[in-house]
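Each of the two complexes below includes chain A, the first together with chain B, the second together with chain C.
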Partner chain A sequence: MVNPNQTAYFLPRGDLDLLIQSLRSDDRDVVGPHVRDGALVLDEIESATDLPVGVGALNAPGRSNIVEGDGTRVFDQPPGAMSWKRWTFPPRVTQAVWTDSEGPIPARQIENPPRHITRKAFLGVRACEIAALRIQDKVLMGGPVVDSDYVARRNDNLIVAVECAVAGGTCFCTSMGTGPEVTDGFDLALSELDDGFVIRVGSPAGWLIVEELPVTPATDGQLADARASVSRVRDQMPTTVATEGLPQQLIAAAESPRWQQIAERCLACTNCTLVCPTCFCTSVSQHSDLDGRSASTERSWDSCFTLDFARVAGGNFRPRTADRYRQWLTHKFATWTEQFGSFGCVGCGRCITWCPVGIDVRDELMAIAPPSADPVRIELPIRTPIQEQHRPMPWVPATVIDKRRETADAVTLRFRTDYAPLLAGQPGQFVMASLPAVAAPPISVSRFHEDGFELTIRAAGAATAQICALERGEILSVRGPVGRGWPVEQAIGRDVMVITGGIGLAPLRPLLDWLIAEREHIARIQLSYGARTPADRLYTDELAKLARGGIIEVAETVDRAGPEWLGRVGVVTQVIDRVMCSCDRTVAFICGPERMMQATVDVLHERGVPDERIWVTLERHMDCGVGLCGHCQLGAKFVCKDGPVFSLAELGPAFAIEGL
Partner chain B sequence: MTATGIPLTPRPQPNPRWAAARRPRVGVVKFSSCDGCQLTMLDLEDELLAITERFEIVEFAEATSNRSHGPFDVLLVEGSISTSDQAEEIVQLRHQATSLVAIGACATSGGIQALRNLGDHDAFRKAVYPNPQWIEALATSKPVSEYVAVDAELYGCPISGRQLLELLTALTVGRRAQLPDEAVCAECKRLGNPCILVTHGVACLGPVTRTGCGALCPSFGRGCYGCFGPRESANTPSLGDWLRTIGYGDDEIAREFAKFNVGAPAFRQMVEDKS
Partner chain C sequence: MTTSPHRLGTLEDKLAAAWLTHGVRPHMRGVLAALAESRPVAAGQVLFREGDLSDFLAVVLAGRIGLRLRVPERGPVTILTVEPGDVVGWSAVVPPYRATSTAVALADSEVAYFNGVELRAALDEDDSLAAEFYPLVLRAVARRLEGTRLQLLDLFSQRWVEPW
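Now for the complex of A and B:
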């Protein structure tokens, strides 16, 4: 019955179960729509009777009800409560396991422990959901570093798409350009008619399934009926979101009062993000047994609506619900386009249906960024090219070979490693430093050596306190070097201003090392360094020696002086004021708390240093260090991989907007 | 490997505040409460042996009549402060404890007995007792943190045994205990539950309630009744408005919040506004 020149067939309604059994052969699990506890979910399907036969669903903002449907029809519903990411990107995945056995501790780590992933056939994938899978593919497999668990789970999925026959009350795929027609990205695509299904074949794997079925070539009449059905859905669904110019308008509305108005309704409960088929943010949590025999890390779904999401030691970048809602909406409809070349929304409407208080993203978008005959045009910043990373990005052991106390709560540890990429790190790059069962914080590299590197760490929390407590001969597990460092080449032939405070000197030290090595090519090197007290200054002997030798000019200041301090007292910006600068040929490198950096930037602006030559390094919450966990986003930037070093020109207004 | 026996971390590092040569001394004490949180600890049957190997349980009100009076490395405090004697005793205990952890809704928000904070205490006493003058009780039932500084809180009525275990395990390796402050919804969605508020209009406090229970009630089709108390940024007015939109009366909404954590400000405000 199957003819390779024919791509559309007809399967009588009564034979639907044969399709399911054919999918189930070859050790495949079939996942499809199913009614459970009065809601349409996705679940394992063993036979056609598990499908929602004769069932409809009415969706509205904050409401979803199962209703009696049309006779024996099977797929007359809009998308249900769950998305396919539950199977391709599960809510919880064990990432690394340590067990008490032979060998040095970090070497005992088992990354991505072997797991049995059954082959899956996804039955009933709608057009918007095919688009969602492709978007997550781009995020999680598009590189430079890939999520290996996702790759394993996406491998060998069989996609049996279904073209929608009804439009849900919250659907807006026509606005987002993802549906309702199923055009590609499927192995098989079903269109439901009253007496059966038109099946289109989209891949060789699809052929193998269809060959086993009692199908007949689809008639012109059947094909016309299928087209008419999906065309009715398009007509039922008005275009409710105007996407033309939307990213630019949303970014321009970053300080709209509407964000606070939404926050008065928004529960920050995370439902919208966790039902979303494209949201990919995760957190890594540490687990261990009470008897200390094993430990593991687990990756779990997280959401930009939780307080912890943007938390760092001693602060939080998005404390208010308004900040978090803005992050979510602008990511989906603006910054995603710059990061991944598409919207982060496919118009499935789940975030509207499953919002417990019925906030309608369509209404909010149109209120914040109303369609306009003359859309606001703001040039989105040009994407910073990402340096090609080494994949996979492994965790490697590094041995402590020297330890020096810098201040009362900070030490410098020198590590030895033979991992070549770490030895070739760039000034300003950092590593993720893993203490199994405790945490894996990001730490800036404070010096590179031929046989290793140094980390200068302040005991700010539980994990950093334990890293500070490492002694010679002990081992730390590190991932890196990660991030984009200081653009050292900009210093050639210029006056260089290095401005920092306290522990912030650590990520600038490899830059100073580079500048000193290239001293003959650099006009001046001026370090402005502030600290809370004289005892809080790092590398004092080194700096004194460099200053005495006339290699760099050092201007120091402290907030509180002791009796032994004869230098300046005040904030670091006062020191910069006194620095003689040929500002038209100056490049500035800054590290410190954001308030300090903003004040410093103000001074530099007054003196005429352009944004292109003001470089800052940013701190954000980071769980992965390689652009996959989503925590560190600032506008369209992933601070971990696009930064942490940025020029003000790259950051634009994002540098100064509170809570972004 | 150190005396506390964690061979896992590159730097085996027990909590530096403990002397490495001995097991940390743990006490479990109670004030006004039902003992359910202590029972949760006793219900950790698979882990009890490991707990006693890692910790010296020097006092445990529900399990033994021995009392140590401290000092404690870790003191778990169940129950609310509702008499003047308790108010004095908790201060004494605080002096004996390096780390004091309030456990359960009573110790963290005042418990169900904090309903009296909203009413006329004298009238209640007269209504219940023939000789109310013999009843020595404060007019309010308050959380431990109203009287002394607490180092950590475990929420819930009762607490989650899993969270208690996480707290103890985190103490042994020196990590920050992972006790998220997100909504119950987050865990409910990870479990794959369709929202019962959306599908069935069931009044569910999950969106404003702190996670930790494993979304127990919504997993069985029952609305969350907030036994872990309000989470950070708990937008109770918005949830209340929605419940009214879908047909709940103000009295019904007030009753939803007038339960085990009525003493927590975000819930108490709803009871007062809607009553």
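Now for the complex of A and C:
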């Protein structure tokens, strides 16, 4: 009884199980709502009796109760704690398995484990959840690096949507523009009436299912009832969040005292992020066998609310709960729009329902960033073009061919590789450096060679200590080059100031190499380099040689020294604040701890160097290296993906706000 | 700065080139130059010691002067070097006129030397000179304070710094 010109059909309630069996044919698992242990969950559904027949739920800030519902209806509940990302983006995934084989020549093999992913039909996907899937698609498949596990799990999903017939007490999809009407993005869309379901068909795969069902064309009355049902939901859910101008209002409120007030209630328990259908942040952990022959890399959900989430290479950038709450809320409702072109919130209300202390984002948003007749106009930073990277980006072996000690705890390792993209890396780019059973840290390349590259590494943690301990002939697995490097072309015809401190000279060394190679096209090169003590300076012989040759001007300074040191003592900013420069044609490249970079930027501003010509590297924020794990986020940037090098003009207000 | 060739190298020109006294109005710079004399300082020479009565103020014109503090068991620690253009011995115009560190020339240097007593007398007598001169000293000391604060943070330390 299916007519291709007809797009809506009616399935009597008694035949619902036929729909489920039809979905289950073709080796599909059906996942849908189910009551287990007194809670509404999503689970595998084998027949219609697994669905929550006659069950309702009352959601409010901080609570959700299962209640008796209306007769035989099955979809009259607001969202439960679980969302579809449980299947499309599981809480734990093994990403790689390492095996060292025995034999005369030890070999290391890295494999992606076989995935046993079955085809899925998602039954009962609400309008807000279709929006959430789209958002995660954009984040995890939008590039430049895609999450291959997510791609495999999203492949061939059959979406059976259900239009809501009740609004939960925490729902606000009407505010976020995602529902309650199901308009697209489905294979089939159901509207539940008392005696059955109006089914709309949204794709050829949907046709194949409907063709097998004893449906009749939906009557005008049935269609009107379906429309009335969803329209009642819209009426029950007044617009509570004014989204017009919200991103700008929120960014402008970065210093609001309200953040601290929320932090006094917030337990930083992470519930809101775990129930959120769009949150995608993860952490990667390493697991090794006792015999040390194999190890695995496992990715698991993480949350920007955990104390250590923002503990990256350079320290913990969001130590206070207020910082972390601000990060979460401003990401969902402000910076996400710049990164991915939509809000990161779909208005499902889960974060309100499952907040143990009932913090209601709707109220908080309107308190922090109330709608204004005269909206705040803040200049959003210039959008950073995302670098096209080499895809797929494999892990490749690199052999240590030389090792030089730089300081008491830093070494420079020279590696040989024949991986062409790596040999063609740009100054300021970095590699992920991996050894079995330790998390791979991102490390800036400190020199490119025709047959390899150098890394200058300080033993700061377990991974870097192991890499520092590598000897000639040993192998490091690297992935790269990644990130956006220094904009070297900006140096042509200009005075160049390179300002750095400590180990920060390493990522600037390839830039210096480039500048020296192009010396005749550059007016002046000044390097100002600060270190803690004379013994903490890198590349001392090399710098002395360059300075002697008059190729670049080198001004070194240390924070403290004994009587044997006859060089400068004092902070690096005081090396540059009085130097004569033609600041109207100066471009500055800076790398160092944040506070040092801020002080340097203040001096450059005083000297009249504009933001467009001040470049900083935020490599201390980096973590996974490809911008998928979320740890490197700073304002609207993912440092790994969009950076690590940025101009101050690109960073805008994100550069100097504490805890952002 | 433009300088006619025959005047190149006068003390006044050198003060005009030093960042500390660069912005001083020309006639005041003349007054200052008349109070000062150029003196060479050999590498290793101690200009004053911590706690000494400060009997001079100097603007470093060339070379490098190290400011040191003696720390038990660590010996003399250089906490700052004064580079050309900057002042050494500012305590000569700030009561109680005692040196706050020991100053040693780390390289052969040249300074514009102001006798402390004469300089203070001139500043007492001439309000407009004092109004021009004290802000210079204050600026130099403020810059030093700013640098010291950053040094205190020990930003290049290898240790994890826990928030408090």
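Just so it is clear, the second predicted complex is superposed on the first by the 640 of 660 C-alpha atoms of A that agree within 3 Å, B and C clash if a C-alpha of one lies under 4 Å from a C-alpha of the other, contacts with A are read in each partner's own complex, and residues count from 1 in each chain.
By definition in this document, a contact is a pair of C-beta atoms (placed from the backbone, for glycine too) under 8 Å apart; a residue touches a chain by one contact, two chains touch by 3 or more.
It should be emphasised that the depicted structure is a prediction, and the values quoted were computed from it without experimental measurement.
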Pick one for A:Pro563: touches chain B only (first), chain C only (second), both, or neither. second
Superposed model, chain A: greater residue contact from chain B or chain C: B
Figure out whether A:Ala420 sits in contact with chain B (first) or chain C (second), or with both, or with neither. neither
Can A:Gly62 be said to touch chain B (first), chain C (second), both, or neither? first
Based on the superposed arrangement, let me know which partner A:Asp409 touches: chain B (first), chain C (second), both, or neither? second
Set of chain A residues, in rising order, touched by both chain B and chain C: 320
Chain B-touching residues of chain A, taken from the complex the two chains share: 36-41, 62-66, 80-82, 86, 91-92, 98, 100, 105-106, 264-271, 274-275, 285-286, 288-295, 300-303, 306-308, 320-321, 353-354, 356-358, 435-439, 461-463, 465-467, 469-471, 474-477
Quick one: which bits of chain B touch chain A in the complex? Just the residue numbers, please. 4-11, 13, 16, 47, 50-51, 53-54, 165, 168-169, 172-176, 178, 180-183, 185-186, 189-192, 194-201, 204, 206-208, 221, 232-233, 235, 238-239, 241-242, 245-246
Per the contact definition, I'd like the list of chain A residues that touch chain C in the complex. 315-316, 319-320, 409, 458, 460, 501-502, 530-532, 536, 557, 559-563, 565-571, 573-574, 577-578, 592-593, 595-596, 599
Which of the residues in chain C come into contact with chain A in the complex? 19, 64, 66, 68, 74-81, 83, 85-86, 106-107, 143, 147, 150-151, 153-158, 160-161, 163
